[in-house]
């Protein structure tokens, strides 16, 4: 009989269903986990060099390096030790604290910072899966924040209901804002990268403007653009008691991870989104309305990012200003990429970035400037994203069982390009 | 039989009398013309407005054109309407509306708008145009690197990083060596260095190009911030005081009214931009290197099968393109304001990215898009100063809104190099 | 490391010494302006008093609270919070109330009942008023310009005082003075290109004195002035630009100083000397030299004695309350 | 030039695509390579061309061992190749595609007139008619294939590899190409010719090598019978003619009336097309590629939405419907290019088997996908259609072309059909699979479903059709019985109506 398995040793369909253990182990070693650890180790090693050579004490010893080289190494060791101890103290557990509650606070802080990064990361990831690139996290987050903020102090509703209504406002604001880019893409072909970049600037300007008007601003409270503080009924309650600022919105971010997973891996809508992302022509021929999927993807993305915005606006007792995004929208891109747009990946990447944010003060106190911290973050991403490089350095790591296709698409685009002047 | 059959040419270009006419462009133009005529003309304020063409110090001083804003609005509106009418003729005859008609409508609209905003005062034409060029220079230069990168198949999100690196290095080197030439070269090398990292990681280590780009933006901004704090600002008089490149007036040409000060009295960075846009276009579309570059961005495997070393070409193209982006960085500091300021690229690399797409990966188109952005940025500055009724926060949006309208209405569906963003892996 | 961490040898446990700390606004200690002026006080105290210092930069508003808390945990004897932004989300109030034993000083802030929070405020309109008058008097075109980084109180108060000062000149002399740029804002403190374009627009409109209230962006104005080739000058804010940027001394008429360096130093010195922490607001005014015009530097002989006398008179008037710099004349 | 491949072994991961293959092609010889889909033919040629590096073995030209680390070296050694998948850049003109890599230049500036001249010269020499300034993406597939051939010829290769060049050519074009091959061979060019069409092999080849499972399983002279060759390839006896009973015709349920379509650029692509198909009938559309077949099928399924006229299925109007609803009303659609419109390469086999039924129906459970059903369906399809895949979770992009085609067919035939529209149903599929696919299509017909087949393969048209419609320049110029002589069909395809 004819057969396509050129290799006799290729498994027959029957046995292919069962995973084979050596393959599984191989995949673990070659794929995600070990490599990620290796990448983190590698970037911390490179970061150590940076820490050493930007540390004043160490640099001081360099001037007399040749007379007393020992000093240099002692100082270098100390600088690195201090820096990583600070990282641990700032992001995970503060072992110098007097109580467990104080000791564990850094971890809680890490999670608090991670929440919006995860939610926004999921939003960006969703567009990646649908073949789009949403750089507009900042604008969507700001919109989610100000819409929910508006509802949180302009409407006065009973406890519980108020929070839900304010959240819905936030989702609608962010979803609509993101939807504009999807709509323009679907209807006019406007490239979403351009539109979302521009919409970031517009959102911030618009928010700033509204934060000067009675719509959002307390006109008795000075002229600086700020919102009013939310009603108490519209604020997320704290989860771990008054001592920690971790709020219910964090749980929502975790729920978002599950929702995202279900949506992308299990639901038929997610299936269509992925289809459009991988081959829009085939999707169209399979009955999927590609334009509608673009709008859907952007709106859904806006909803996830909107959750990040809601977390920012209703996860606090006080007011906020136009800088509410605080870089989350942009970091979300990195989080999504680092998490390879999968639910667990984004979750872990978000937590990692949350840790870096949380550790910033202690690291700075240990003489690691925030810029160096930024460099370390960048290196980790780069190394995690560059398996061949990590493998080239750690030669014991096996190669993944990857095969690649020599597949070309020679047919002209199905949809003739509209010529436009 | 075979003699007959082999000469069949499936005809694809028969023009049928029934082909539908396309009204999109004329209708859009008519709307634009209508807005101009009604809003700026008929409903416009009837106040005097002076179009000022020259400075008193210029060698040839053109008298200012004095009129009223409504009159200007009506005249320009009529011009636009006539041109729009002509476009209907083209559409009715199933012909493409020529670019010059669109240009006329656009310029007439602009003139009406400017008169409307400037009603009751002066319209400083030279300022509006010079500023537009100044503000778009870094964007155009960054955009050229973007065009080359994407054409060869490497998406360069890191233009922002290249601008920042070039700006920093240019300011630092010019201050410490005193030589602008060395500073320009150093800035170009810095821009190229960013490219090299982009190229090595995406080509050799197969990191997603967007990931590398995003990371590079973070890295370069962190590094320049760090060096700015720890080195430059410790002794800014010696290390961050580069001054700016001298303006070079081209003899005679610089004396032409309006055009002279706008085009022929510029810095070397701007002249290089004037040269590089056509040059890059020429290389891309007229030389064998360009043919290969474009082939690599569309279908690298096909290029490989005719003996073009895909990754080597990609590496060199991207790295050399980085030189141009570095120059764009220099245009930010020694080409404009002198000293380096933290994060002074302020998102212009992203604007460049948008210009690349809006300009359809073509150097001319990209430059036009960047110029549109530069003009609207400068326009918003002037509109603010001319006393627009809108609050400043909303006026700030002008360039971004204009760009969105441009991409949605004018640019439409754009399809970039198909292989851009994908690593080339054979086995 | 960067200057901020100069003596941060990583062991903040040393209780014996005095530890003075500061948390920056969203920006770095080297912003050539606001944060730099405040941090200068810490550095000065370190140099002259031998106290230990510690600084934390905030990259966004989200960092304020963690940074302040980290300073408390690091055992700071006093912590300076730089900027009104610490009011957002009531960060300053909350941190002060949560840490009743720690001492905080809030620059551009206020006290709303906290027992451990000392505000340092400035009446910047006062010196800006003088600057506006000076600008109008100095200008030959009788057109002066100003613009801001962002449209926020900390910026607009300078611009408002400046405008009022210029208009005061108009009212007094009967010479019409045009103030351009009251609605000109760059939108951030980074975009030098736009700042330059705004400055050029003002120069084109005839301004020959420009007052940029935009942090480090004054370099863009300086370049626009140099390029214009005319005799325009600019005014600095926060610090004396003619001193900190000597290369610009030839076009810097004067600067509107917000003498935070001294105020911060004074607070540290008092505490280090063992004085008790007080929550009395410190308000920098013309009267106490907390804010002032810098010396005219290279322009000393270009400013007539008549104007100098007039400025002194105005200053006296502001001090005694007969002139309100925030009210349009 | 004499070409020898000695003991070539090529592995992809654990898969051995070529297992110690040795082949000798004498100077001036036309050497046919036969083998079913995935046998390793293209892989072997890619090794020869330097695109892949062999794990073992060596390549000799005129007895001299060669080492090619890239196609550039292979080309300078005199090897030219027409790839199975087009290596053309769609947005380039014909001239640009042909000169790419060896551009005529003056100081780096492309000498366009010279390039045009070269293209014209070669195409005239070999009887092709190609406008050097046409954009490749605007050309019909057959013309693109000719561009590929000109590209290889323009380098004056001494060893020419042709990997399935006839897959998209008309019979006349194929004849012409074979004549060209013979002419080249006479001038000393050695040719390796890969095809699945045994008729062509027998007509042109000097020797035949058959590959199965990555190994050479035998050589045969061209005089061997097609049955022998087929058996050698597949390892069993193959039925080469489709057995079908006379159609049991039902009502005229699928009716196309006055269908007219313009391209966005205003070119008329369908010109008053009218025809109808009865239940249980196969209507095959013959015609040279580019005469409106693609547009016709795409209009039927709703991919082109600005058509005028009417298309009814069981009385229901389809013209203004979107694709989803057309498919849901029971239309099965096999697109002409599976890699573009038929499959998502990065989806698994199981996922690809449900891509057009993700909205509702058995594959969905509320908003979620019914994974149990999906997997059951996939296992069933893999068995029923003999899809050779390691597992249902294997990415479709990793399957051989023939098996990819089977995935598309399994999907489209695997549901209740009211109409089947199949374009090039056996493109690039080996003889064993063709037999199978044809049987399946006939089975659909016999279940009482109207079937519309579009094929440029006259053999296929004749084998499947109950009636044949010939398309020319967007119009149906005649509808003739299935037993119409080939010659007459050929004339009709050329637009000649008596």
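Residue numbering begins at 1 within each chain, and the chains themselves are lettered A, B, C and D in the order written.
What we mean here is this: a contact is a pair of C-beta atoms (placed from the backbone, for glycine too) under 8 Å apart; a residue touches a chain by one contact, two chains touch by 3 or more.
Note that this is a predicted model, so its numbers are computed, not measured.
Visitor: Check every other chain and keep only those touching both subunit A and subunit B; list them.
Guide: Chains in contact with subunit A as well as subunit B: C, D.
Visitor: Just how far, in Å, is the C-alpha centre of subunit C from the one of subunit B?
Guide: Once rounded, the distance between the two centres reads 37 Å.
Visitor: Please work out the Cα centroid separation of subunit C and subunit D, and write it as a whole number of Å.
Guide: 74
Visitor: Any idea how many Å lie between the Cα centroids of subunit B and subunit D?
Guide: Result: the chain centres lie 44 Å from each other.
Visitor: Could you tell me which residues belong to subunit C and also touch two or more other chains?
Guide: Residues 1-2, 151, 187 of subunit C touch two or more partner chains.
Visitor: Quick check: what residues of subunit D touch more than one other chain, meaning two or more?
Guide: 12, 51, 86-88, 90, 138
Visitor: Any chance you could list the residues of subunit B touching two or more other chains?
Guide: In subunit B, 225-226, 229-230, 299, 301-302, 391, 393, 396, 426-427 touch at least two other chains.
Visitor: Which two-chain combinations touch?
Guide: According to the stated criterion, the contacting chain pairs are A-B, A-C, A-D, B-C, B-D.
Visitor: Could you list, by residue number, the parts of subunit B that touch subunit C in their complex?
Guide: Going through subunit B, the ones touching subunit C are 122, 124, 127, 130-131, 134-135, 138, 225-226, 228-230, 233-234, 236-237, 241, 244, 247, 332, 336-339, 341-344, 346, 348, 377-378, 381-382, 384-385, 391-393, 396.
Visitor: Where on subunit A does subunit B make contact in their complex?
Guide: For this pair, the touching residues of subunit A are 54, 133, 135, 184, 188-191, 193-195, 197-199, 201-202, 205-206, 208-209, 212, 225, 330, 333-334, 337-338, 369, 371-375, 377-379, 381-382, 385-389, 404, 406, 408-409, 413, 417-421.
Visitor: Along subunit D, where are the residues that touch subunit B in the complex?
Guide: Answer in residue numbers: 12, 49, 51-53, 70-73, 75-76, 81, 83, 86-92, 96, 99-103, 105, 108-110, 127, 129, 138, 140, 142-143, 151, 170-173, 175-176, 260, 262, 266-268, 271, 288-291, 306, 473, 487, 490-491, 493-496.
Visitor: Write out the stretch or stretches of subunit A touching subunit C in their complex.
Guide: Listed in rising order, the residues of subunit A that touch subunit C are 54-57, 78-79, 82, 86, 90, 109, 113, 205, 208, 212, 222-226, 229, 316-321, 323-324, 326-327, 357-358, 360-362, 364-371.
Visitor: Can you list the residues on subunit C that touch subunit A in the complex?
Guide: Against subunit A, the touching part of subunit C is residues 1-2, 4-6, 8-10, 12, 26, 54-57, 59-63, 66-67, 69-71, 74, 84-85, 88-91, 94, 151-154, 156, 187.
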